[in-house]
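Two complexes come next, and they have one chain in common, chain A, joined by chain B in the first and chain C in the second.
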Partner chain A sequence: MSISRKPWLWSFVAALVVFVITIAATAGASTGGVMQAALTFAAISIIVGTGQMFVITLGPGNIDLAVPATMTLAATLALKYMDGVAVLIVPGLLIALGIGVAIGVLNYALIKLLRIPPIIATLAMSFVIQSTAIATNRGLRIKPPQMLADFTTGSLLGLPNLAWVALLVTVAAWLLLNRTVYGRWVPAIGQSIAAARMAGVPVDGVRLATYVLCAVLAAIAGYLMASFSGGAALDMGKEYLLMSIAVVVIGGSSVAGGDSNVPGIWGASLFMYLVVTMLNTYGLQSGARQIFTGIIIITVILVASGRRRAS
Partner chain B sequence: MRLSSDALRLILPVLALAVLLGTVFWLRPNTMGYTGLHLLFKLALPIALATLSQMVILAVNDIDLSTGPFVSFVTCVTATFLVDTPALGVLILLAAIAAYAALGMIIAWRQLPAIVVTLGMSFVWSGLAVLMLPSPGGTAPAWIAALTGWRPPLVPFGVLSTVVVMVLAHLLIMRSTLGVLIRGIGGNERSVARAGWSVLRARGIAYAIAGAFGVLSGMSLTGIMTSGDANMAVNYTLLSIAGAILGGCEFMGGKVSPIGAVFGAATLLLATSVFTFLRVPPDWQIGAQGMILIAVLALRIALGRGEASR
Partner chain C sequence: MQARTILASSVLIAASAMTAQADTSNARIALSNNYAGNSWRQAMLESWNKETAQAVADGIVAEAPAFTTAENQATEQAAQIQNMILEGYDAIVINAASPTALNGAIREACDAGIVVVTFDGIATEPCAWRIEVDFHELGRMQLEFMAGQLPEGGNLLEIRGLAGTSVDDNIHAGILDGVAEYPQFTIVGSVHGDWAGDVSQREVAGILPSLPEIAGIVTQGGDGYGAAQAFAAAGRDMPLIFMGNRQDELLWWKEQDEAGGYVTQSASIAPGVATAGFWIAQQILDGAEPPKDLIVPMLVVTQDTLDEALANTPEGSVANTEYSQQDAIDVINAATGG
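Moving on, here comes the complex of A and B:
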């Protein structure tokens, strides 16, 4: 019973199992390397996934499809502005954050004013954002300032810096969700928007704040990822649309909303990355890797539904 | 003036397409002929079929995130197996439809969120496609190429075939018992079950129909492009959702319209040409599609203000 109340545990168990299988293939030769790489790449999924989790918790139909486009635009504009100059690192970050805020506000404005489902509003928005990114990027790959590149690829106390940032985001998200009124309002809206409204929850304000939060986190993730990989690319956010949804679901949050799970995102993100590493280690082609990834997502949701029934 | 919601659902997509078509004719009068229409609506059939596939899933209150990868997967099967070993190719495509049906039944049986299941399937389909065709290639089977390359008198194939598909889909979804049953699940699943129908079976059938539309979309796309590619139709997922919504379909309540969906798909397709003729830089074309989507939805709100205040 105590385990069933901690759904996040499963994603960690799964990640651990996959980790052990991977290490077994190389007879322990690459333990440290695999772990470092996993933490670095999982960090981006964690940051993006945390934002998506808040949105999904708002209830059925709430999903932000503009996440990849937001990542791309924030990274493109920030790197273009910084142009490799170290002094501009902070203003560059502020630009990325500003883009996140603007996109979040626009997203919710569409949802509210046009009374259309969030999935379509953010989809339409993502088309517009993507075009803006294409128009400003023009295929140029501007390098990030050296200092920023060093920060994103470096590590502290044996943990990659990106993982520290992700940890910071996670702790903040957990506090926000469990220790603030806002954190009570979000799942309340997800469980019943009508009841929340009756109870005096400022529904519109909370939903607006949540969409802004998600876009800001996506912008931060884009900024960091572009700095890590030596420049913004137009398709850099592509895989994070599906990934951000997948880590939320595997991490034990309810897809129907109203119930979120912050630590689970770590387990799920590590798991998703380690699965790819494991299949790579065992020499599987990219096609086979994708098939496994898909089967795993479906299996997880099947198992999760069985658990919900049992309890 | 107040319009019924059903009429509204149809008027807007038809109007949107008419406005766009009028703009094209005004900008480039020489497109008004047979060849012009042929070029404008060359890709209409696969896009319309993919949108219909998405629409059937929307009708049962689900959403399919795997439409694009699935259509790409079908192009790979069509360009390889269906050419070399037709019997095996047909078998694979039938198995793919059966897989869709099975998904629908599993979703109904375990009460799973379709968005996550189809998310998982999107990886599976594109994985299978990459295994079959690591790089674009293959050839279209002669009979499909002959069909999509056919030049019927008076009306180009792209327009003719899309209209035929639209009418058939309308009869199937809006006029047949099966269609009513499927939309009924979207409207009120419990009352359908109370009336003695098997919800499990009905959802399976709905998914099978969606799979069949997806297969037809991929086959026709292969015919038009004369090859297969694991990435050929990746943007069909978002395009099909946008087209269906543009066409007046709704996410909840089984409210769909095959005619609207086809018009919505055609509108998005035509939008690209309009932007090219208007000299909109290619960079802004995707964004302009988003703008059209927003504009039409805004118009729907403006027109439906009377009845939408529920």
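Moving on, here comes the complex of A and C:
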């Protein structure tokens, strides 16, 4: 198989290059520490990005802009319900999942029943969700149960627990895409919704399921992230809107839909975290940092898509 | 002819403003707020509602509603201010989305004879009043405190706020001046924590493996607890972290202190600064003529006041204080040298 058939390779190459430059600053002394940090924080982007990838694969115009608000609401309600009590960890998780399902259904209801384009429908939903999060807890940070906090900050076999969860999500997503009928239907709709409909694909059911999947993964990410950082904050999801889209694109999925790439999300998420770490480590000023981040991302996308065209 | 009418009416307005001395009971003061999506802003709105409800009940002003824009955007807030002008408020208190983009709308309000007071997010339009805390001093005092605790100095990690904001620039400049004043300290690393615990935790965790031993962390508020968690997760020695009045920061400080002694300090701008804006607007309507730039004191929590501050701060919120009418009069007197 040629390199051009593996667009995900480029995100890993980019991550590796940035990683080597970062640890070179301390002549390799920081290798373990940087790797642990990168895996921990990339895990959240991976979980959120995987959901967004399914939605984007549905084809042009499909995107979920309610991801940050979903993370915030799921985390806020779950942590408020658990109120630091260990036995409520599982019911708390179920609440987060339930919120994800509800938001996914509502998102698609707006898109389908009111015929609003996804970009507007999910943006409108995100205002409703965010306002609900504000109204329920007024931005107070409630601490997670200690056991849950220990789990999210802990490690197993040298790999952070969050990375294990992300790995689980990735394997499940890969199986779903490559080994199930649903996984064939999603890119089929993305390539041509009319053709898919004629071929007998249950288009509405698949799209509904996909928006629900994305919202549920965002809810899980919010639940884990709030437990990791000591409580839900109203603006905790803010960065994960662009991040969720960026990791999909850098990871080698087609932004026009119809062609998705699961492993690439890992490379892209590690890369996005390591770029910031690298620029911090070398002490660049914030203006320069943002310019460099932009340039590096554009370069990676150009290199990756250039290879694809060449094939 | 028309110009003369305008001139005459503006003289009239000026005259009536003079005679309105000591009576603002019919005055209507609005809060224009650009953002409500974090705990600090929520505490701010709560303070405003609490303090103004009492002022309305006492008959000091007629009404003082708060309005928040849905998106943190200057264009939307400018439209909101224009609506307030049409609704005929006597004063508008603004936490501005941008220091410059609202200047046109603020100018219109001033031209309509409305008192405009900006705070926290201030606006540069000369006709408006600006209420600030001394952010430069907030940066400098951290070094002074560190020098008292760690006379031999050492390496510092700096956690900055949201890049490109005046608050971040001012605190950072204060910290640099502090380092110049106490040269035994060296800043060996700097990250942007955006005043958020989760962002700070992530950024600190990333840079930490490449840092030498850290003696102290200088901060901007909202970032101390996240930094502490990153240090704990990496198994590094806990440095002296200057805190920013958030309840989780204060609670962590107290737990550390009880576990084996941990001395630090905490300071930030109190969300209740909105109520300083309210009372200063009321005072101006009442005939006071303060200078346009006013400084309100910072809220500082020390080892001695930690228990009290923690007891008065709701779980997950931020240490707060409301400013009274007397506080506003004191601020005005201090500024006018009276």
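By our rule, the second predicted complex is superposed on the first by the 308 of 311 C-alpha atoms of A that agree within 3 Å, B and C clash if a C-alpha of one lies under 4 Å from a C-alpha of the other, contacts with A are read in each partner's own complex, and residues count from 1 in each chain.
The definition used in the following text is that a residue touches a chain if its C-beta (ideal position, glycine included) is under 8 Å from a C-beta of that chain, and two chains touch if they have at least 3 such contacts.
Note that the structure is a prediction, hence the values are computed from the model and not measured.
Peer 1: Could you check whether chain B and chain C clash or fit when both are placed on chain A?
Peer 2: On the shared chain A, the partners clash.
Peer 1: Just chain B (first), just chain C (second), both, or neither: which does A:I301 touch?
Peer 2: In the superposition, A:I301 touches chain B alone.
Peer 1: Contact-wise, after the overlay, does A:F127 reach chain B, chain C, both or neither (first, second, both, neither)?
Peer 2: both
Peer 1: Quick check on the superposed pair: does A:L110 touch chain B, chain C, both, or neither? Answer first, second, both or neither.
Peer 2: First partner only.
Peer 1: In the superposed arrangement, which partner chain does A:S286 touch: chain B (first), chain C (second), both, or neither?
Peer 2: Touch status of A:S286: both partners.
Peer 1: Examine A:T153 and indicate which partner it touches, taking first as chain B and second as chain C; both and neither are also allowed.
Peer 2: Touch status of A:T153: second partner only.
Peer 1: Touching A:G205 in the superposition: chain B (first), chain C (second), both, neither?
Peer 2: neither
Peer 1: Is A:T277 touching anything from chain B or chain C once the two structures are fitted on A? First, second, both or neither.
Peer 2: second
Peer 1: Now for A:L242: first (chain B), second (chain C), both, or neither, which partner does it touch?
Peer 2: In the superposed model, A:L242 contacts chain B only, not chain C.
Peer 1: Taking 164-172, 200-208 or 308-316 from chain C, which overlaps chain B after aligning chain A?
Peer 2: 164-172
Peer 1: Which chain A residues lie in the overlap of the chain B contact set and the chain C contact set?
Peer 2: Common interface on chain A, chain B vs chain C: 127, 130, 134, 138, 286-287, 289-290.
Peer 1: How about chain A: which of its residues touch chain B in the complex?
Peer 2: Residues 61, 63, 65, 110, 113-117, 119-120, 123-132, 134-135, 138, 242, 245-246, 249, 255-256, 285-298, 301-302, 305-306 of chain A touch chain B in their complex.
Peer 1: Within their complex, state which residues of chain B touch chain A.
Peer 2: It comes out as residues 63, 65, 106, 110-113, 115-117, 119-132, 134, 238, 241-242, 245, 251, 281, 283-291, 293-294, 297-298, 301, 308.
Peer 1: Provide the residue numbers of chain A that touch chain C in the complex, in ascending order.
Peer 2: 22-23, 25-26, 29-34, 36-38, 40-41, 127, 130, 134, 137-143, 153, 225, 228-231, 233-236, 239, 273-274, 276-277, 280-281, 283, 286-287, 289-290
Peer 1: Can you tell me which positions in chain C touch chain A when the two form their complex?
Peer 2: Against chain A, the touching part of chain C is residues 36-43, 46, 70, 160, 163-164, 189-192, 196-199, 201-203, 205-210, 225-226, 229, 233-234, 246-248, 314-317.
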